[in-house]
Amino acid sequence: MGGYFSEIFNGSKSLLIGMGITFREFFKPTVTVQYPYQTIKMSARFRGHIELIADEEGKPKCVVCGMCERACPSGCITLGSTSIEIEVDGKIKKKKVLSKYDLDFTKCSLCGQCVENCSFGAIEFSKEYNLASTRKEDYHFNLLERLKRLEERNA
Amino acid sequence: MILETTQQALQALFAGSVPADGAEAATPRGNGVITRNYKIHGYHLDAQVATDQLLAAVTILDHAGFFIESITGVDWIKENQMEVIYDFSRYDFDTCRVVIRTRVPRDQPLVPTISTIYAGANWHERETHDFFGIKFTGHPHLVPLLLPEDADFHPLLKDFKA
Amino acid sequence: MSLTLLNVIVAVVIAIAFAAANAAYLVWAERRGAARIQRRPGPNINGPFGLLQPPLDGIKLMTKQLMIPGGADKILFMVAPVLAMAPAIMSFVTIPFSEGIAAHNMEIGVLMIFAFASMGAMAILFAGWGSRNKYSVMASVRAVSQNVSYEIPMLITAITVVMVNGSMDLKAISTAQAGGFWHWNIFPSLQSPLMPISFIIFFICSLAETNRAPFDLGEAESELVAGFHTEYGSMGFGLFFMGEYANIVIGASLTTILFLGGWDCPFGMFPGVWWFLLKIYILIATFIWIRWTFPRTTIYGLLNLSWKILIPISLFNLLLTAGLLKVF
Amino acid sequence: MSAPIQLRPDETFILNVGPQHPATHGVLRVKMQMDGEYIVKSETVLGYIHRMHEKMGENRTYAQYLPNLSRLDYLGALGYTHGHVLAIERAAGIEVPERAEYIRAITVELNRVASHLFWFGAFVMDLGGFSPLMYAIQDREHILDMLEAVTGARLTYCYYRFGGLYNDVDDDFTEAAKRFIPRMRKSLKKYDALVTGNIIFQKRLEGIAPVSAEMCRKYGATGPVARGSGINFDVRKNEPYSVYPEFDFDIPVYHECDSMARYKVRMDEMEQSLRIIEQGLEKLPGGPIMAEKKPKNIKLPVGDFYQAVETARGSFGIRIVSDGDKNAYRLKLRSPTYSNMHLFDEACEGMLIMDALAFMGTLDLVIPEMDR
């Protein structure tokens, strides 16, 4: 009989303790971010999709070695190149120039193998995270085009 | 401690036929018990048994208090064989990981089930059947587990083309 | 005669409006309150403080298609939501909000409210059975056994109060408690020393009767998907939802009248409808607060609580009060 | 627990719990034969989110396989990648700098706390209490912020590399982690008062769903499920790997074998993980984070290699059968919840559906990890 009443008593006490905790939480400030109205700064290492880096002239640093394409686990990078003739020290040399850098972001797993394998520091992660869409095609990025736009905006 | 006793018990299955030196290197290797370097391989005992010795070997481990870690298969297409690998480990601090292997011909992959000894082998065997098509004779419910119910393909076979 | 009829019609319209408004804004209050407990803002986009959220939700629910699952019992399926809402509104008719505000005062008010409250169990049973869904049937069976077992201690405590006040008329019960909180029924007196415990029992039972957490076994969303209203969408679901909140208001009102002196001021000054409303909203806030604090009980835990704890204690209390009433 | 009533196997109905059901936390289906609310028999159906990660392991190089591991268990991803890199390093004989191992241990433990926190919240939500989930997510968010600052991702990390790490941690991280520990301890006290002490919660878990140690052994259950059944088994202690021998921590073991024991094991583990993080931050040595001698394209020697690690859910094993090529000949993932879930069918017989689903919650299921 004593156990019966002590269980009722202890049980009620535990319930009141719980209610006390939620009562205190009620008066604490909210911790959420009202997303479309407020945004937070992405951390420096945040991995968005990859992006080409431009050299001083505004041309991509990429030399079309294809390391990123080979390293990619999901095969989401497609490179294209054209050769142009440039004059170096009076001699005419052939040089490969990047003509296409397509990223299929639907397949990308953001592992960072491409950035890690790039010996020329030509790609980096962007801080882009607002990438909602209902169409697949919106995730096929033409990074060369993107770089041009970014350069134009900066200029 | 448990390492030696288990090794002896498993060795007894091969009744005196001590594995010759270099048995490890031979391909496909002969049946027998080999101690492995834990630092490199991650397990201590490696026993390859004939299919009909399997239940005896697993019973030894069961009596010694091992728990079943996993069952998996490997398709050795060049040797036209399939291997079933059973991993066992222990709950106590007398660390001993035991690997039991058995090889079956590729065209007739029949292995006795050990789900009668270890109930937990049930799903592992079903999974191995899914992926390799190895049939576990005596299994109570050998239907696809991870693959769709009507799957008749075995994706981990080396000659599997999607 | 026709005047009384007109009176009743007006009162019913007001009761429906009151119930609907309460249901809508209690949802808002519950969502805001729960959000505060969990340290988020809650609905705050539509209108100031998200106050337009309930009408917009209502519009959304009303414009949705009413689906009847194949093989369901169409009549039961359609009747159930109505049956969940209608008795709750009917109960409002007899509740005295203050001295002069009562649609139709009845001498058997307590009995009538309990009679209507029992119909809620029917609605759940119909909904569960009519849906042709295993989860719904299981949930409705649970909910009915829960309602049945909690009506007993609830009625016993109500009888205790009726005995003390000597009336089943809700207005008379309120009036008998007038003149400060020491006159209220919750305050232990010579005749009924265990009244605070009765109040707690009654409060727990009204939680269970309204299927609120921690006794929301009829919904049990993590086990039975959505319980008895799994198959309901559109306004069918809306009616269940409104019925639930209307029942909460009824439960809080009844608790207030039976134990907290109705419209009486705790200090014996300015009695009026505002005190009544204040009391019921404090009780409702407690309902909400409890819901967002506790996990759900098990079905056997719930029945054990009723049959092993609440019923013996309330019976003991009834006998004690009866004896003391005879003595004093 | 044997059913208190006589079950009638002839008067039953089949209840499909899942593939979409709130209690299964994913796409798991349990076919239950029910007598009223009692379970007569149950059969678990897996494979709704099976992606054949093992075949991908055969087709990709070892480095390319790294992102796959974190897709196994999205709540405690770092533990799984840790297992993979350790297996490769063990087989290829790569020496990992001490600093890298310390950072690995710290981040794995942070991830374990995050995983347990989410489990805690989701489990209490299974029982009908919603607010603890929100509190748990708040605390978990701090961890995810820290891990994002280090690894660049919040959930599916790809941070460890063979021989080291992708990048080093900075002072911001260590400071944030140091600030986090006392805050987390305070939260644990709150959870204790709000949930563990709650009478309703105790009544729902105590004595429910006993799983004996022998049953655990037969099914190969590991992790908190085994430790709740009185088995003192934790790969971190039993087969020490990484820098875990350097840390002073305990393995919580409960002998009650019921749902409450499994719950308490996980709650205590969070405290132990905090201790490891604390010590790790204190001892964190300087130096490089990447092995100096490391082949660019990793090829393993011919052989069969096994590595077990303790993840948040139990002992995760990875077996690599190599034929000397740059991708595995066969790669087997031994997932802990696969074995833990297996005993559900046997254990839940005669249980009420309510208790059975609470029991399922204590198994801490992550379906992608189970189905692989």
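Chains here go by letter, A, B, C and D, matching the order in which they are written, and residues are numbered from 1 within each.
Note that in this section a contact is a pair of C-beta atoms (placed from the backbone, for glycine too) under 8 Å apart; a residue touches a chain by one contact, two chains touch by 3 or more.
Remember, predicted model here, so these are calculated numbers, not experimental data.
Among the remaining chains, not one touches chain B and also chain D.
Chain pair with the larger contact count among A-C and A-D is A-D, by C-beta pairs in contact. Using the average of C-alpha coordinates as each chain's centre, B ends up farthest from chain C.
Centroid to centroid, with C-alpha atoms defining each point, chain A and chain C lie 51 Å apart. One inter-chain figure worth recording: chain A and chain D are separated by 26 Å, centre to centre, where each centre is the mean of the chain's CA atoms.
The geometric centre of chain C is 43 Å away from that of chain D, both derived from CA atoms.
Shown for chain B are the residues that touch two or more other chains, of which there are none. For chain C, the set of residues that touch two or more other chains comprises 37-40, 292-294. Touching two or more other chains at once are residues 131, 135, 138, 194-195, 198, 200 of chain D.
If you sketch which chains touch which, the pattern fits none of the simple shapes: not an open path, not a single ring, not a star, and not all-to-all.
The list of touching chain pairs reads A-C, A-D, B-D, C-D. The part of chain B that touches chain D in the complex is made up of residues 39-43, 46, 65-70, 72, 74-75, 85, 87, 89-93, 95, 97, 99, 118-120, 122-123, 131, 144-148, 155-156.
By the touch criterion stated above, chain A contacts chain D in their complex at residues 10-12, 14-15, 17-18, 21-22, 25, 31, 43-47, 71-73, 109-113, 116, 125.
Touching chain B in their complex are the following residues of chain D: 45-47, 50, 52, 54-55, 58, 87, 90-91, 93, 213, 216-222, 226, 231-233, 237-239, 303-308, 315, 317, 319, 321, 329-330, 332, 334, 338-339, 342-343, 346, 371-372.
Partner chain C is touched in their complex by these residues of chain D: 13, 15, 21-23, 36-37, 124-131, 134-135, 138, 194-195, 198, 200-201, 203-204, 352-355, 357. Residues 34, 37-40, 134-135, 138, 142, 213-214, 216, 220-223, 225, 292-301 of chain C are the ones that touch chain D when the two sit in their complex.
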